Amino acid sequence: MYEFHARRRIEFSDTDMAGVVHFARFFIFMETAEHQMLTGLGVRPGSYRDASGRSFAWPRVTATCDYLAPARYGDELDIRVTVERLGRSSLTYGFDLSCGPVRVAQGRITAVCCALEEGGVMTPVPLPEALVERLGQPLVG
Amino acid sequence: MYEFHARRRIEFSDTDMAGVVHFARFFIFMETAEHQMLTGLGVRPGSYRDASGRSFAWPRVTATCDYLAPARYGDELDIRVTVERLGRSSLTYGFDLSCGPVRVAQGRITAVCCALEEGGVMTPVPLPEALVERLGQPLVG
Amino acid sequence: MYEFHARRRIEFSDTDMAGVVHFARFFIFMETAEHQMLTGLGVRPGSYRDASGRSFAWPRVTATCDYLAPARYGDELDIRVTVERLGRSSLTYGFDLSCGPVRVAQGRITAVCCALEEGGVMTPVPLPEALVERLGQPLVG
Amino acid sequence: MYEFHARRRIEFSDTDMAGVVHFARFFIFMETAEHQMLTGLGVRPGSYRDASGRSFAWPRVTATCDYLAPARYGDELDIRVTVERLGRSSLTYGFDLSCGPVRVAQGRITAVCCALEEGGVMTPVPLPEALVERLGQPLVG
């Protein structure tokens, strides 16, 4: 199974008045690690217009996070990304976030590769072939 | 089942370059609706110190969101909050987010009532009795 | 001078580990109040495509904030917006943010009305005439 | 004059629907670069409790940013931090943010070293001596 590792230092603005990282920030940490993985695989993440003028985006269909221990300002997170499921248009990522030996969170995000039409309509399109080849995992469903 | 409704207008800073609300913002929308519900029930949400000097917080143990349709700048969201499960120290909220007749997302968050000790250690404590009474639902587990 | 008032409740996610509102959030508070003002004047704020298919945005050229007192979770802010200067393409807003009798911050933002061309190039265009009429202030420069 | 350089990759969640980095994010970029500088100088930034149990924080008294060119998703920012003014309790930082040869923004932030008392009251205290020595600049005012 393809696996990618990212690192990230917790910033002051990631925290809230309880003195720990705000729970919604973990979704940003996961998304950015996913984007670093895709970039490393030669795929454009985010939202973009290709050479032919078509626009694409990767909207999420589901996102979940289990919080196991608090993360704090200054901590360095290790983020392990795996591809749990490869569909025709969709990717399900698994995330493990640790701070040293302590696992702080685990999450899962399913994103869909979409064409972004005029008026903002999003239509699923097949995953980029190059990505499927690079991941080397069987497509499911 | 106790039910609460909140409304919220999408702001420019909620959006990303795909032209729609960034997926992580939905967790903020859910949290704020939860806090409005708790405040209305006479319970202090967030993180606070009580009259006796003890500090409390409501850390999340799990948060999930399914995205059904994009939400856009200027949209007004209706957020319906229900209490899906009432534990000894924990609450599981369900959220339905709609924009007019369109359901844009549904989510679930489990939060735990904790005492916040010196050094930032968080220890689960029983839910405030007044809250349990107000909700009028059986405790589970 | 045209004057607009907005109100906003501080959310948990606006805070940081120092126990107060994070300083960067005040810029979001100011921007949203500005947008509410423009919407009330019949002008489309944010970034949009008009009926003829042209896209527009209001990028900022400068933003500043002086912090006078901390704002805290649950506080309700009164935000007074004035138009300090009306240029051919630009607007300079002044902001006073108070919490009850306490002034917590004052800021200033200059935004420029721009056409958003292919490739993301932004070109200043004259302010909407209807806006200039509604504000009833002399153009400067 | 003391000078520090930081680098930062623009993330998807830094953008807004105009397709560029949201203006308020630049204040986060500046703050994080400041914190990296302070950490490198052996000073604890953010908000913390020292060995004797006293709490400290660095609230901002003013923050400003001039926007010179848009920054976009995937850009790598070079952030140059200088200390423009060293007061008894306060530091004024200057920031230059560039993307390759293009200057995208310049900013200034004044922060005050404060003791954080019970009840959240913040009282200015002299800057840490070690910091003043390391910066090697004359104190003003």
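In this document, chain identifiers A, B, C and D correspond to the written order of the chains, with residue numbering beginning at 1 in each.
Following the convention adopted for this analysis, a contact is a pair of C-beta atoms (placed from the backbone, for glycine too) under 8 Å apart; a residue touches a chain by one contact, two chains touch by 3 or more.
These numbers come from a predicted model, not from an experiment.
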Next on the checklist: Can you tell me which chain lies farthest from chain A, using the average of the Cα atoms as each chain's centre?
Outcome noted: C
Item to check | Gap in Å, rounded to a whole number, between the CA centres of chain D and chain A | outcome: 28
Checklist entry - Centre to centre, by mean C-alpha position, how many angstrom separate chain A and chain B? => result 23
Item to check | Cα-centroid distance, chain A relative to chain C, in whole angstrom | outcome: 32
Checklist outcome for this item: Contacts with two or more other chains occur in chain D at residues 12-13, 15-20, 24, 28, 31, 46-47, 73
Checklist entry - Looking at which chains touch which, would you call it a line, ring, star, complete or other? => result complete
Next on the checklist: Considering only the defined contacts, which chain C positions touch chain D in the complex?
Outcome noted: 16-20, 23-25, 27-28, 31, 46-47, 57, 59-67, 70, 72, 116, 120, 122
Item to check | chain D partner contacts - residues on chain A that touch it in the complex | outcome: 11-13, 15, 28, 31-32, 35, 39, 45-47, 73-74
Item to check | Residue ranges of chain C in contact with chain A within the complex | outcome: 12-13, 15-20, 22, 24, 73
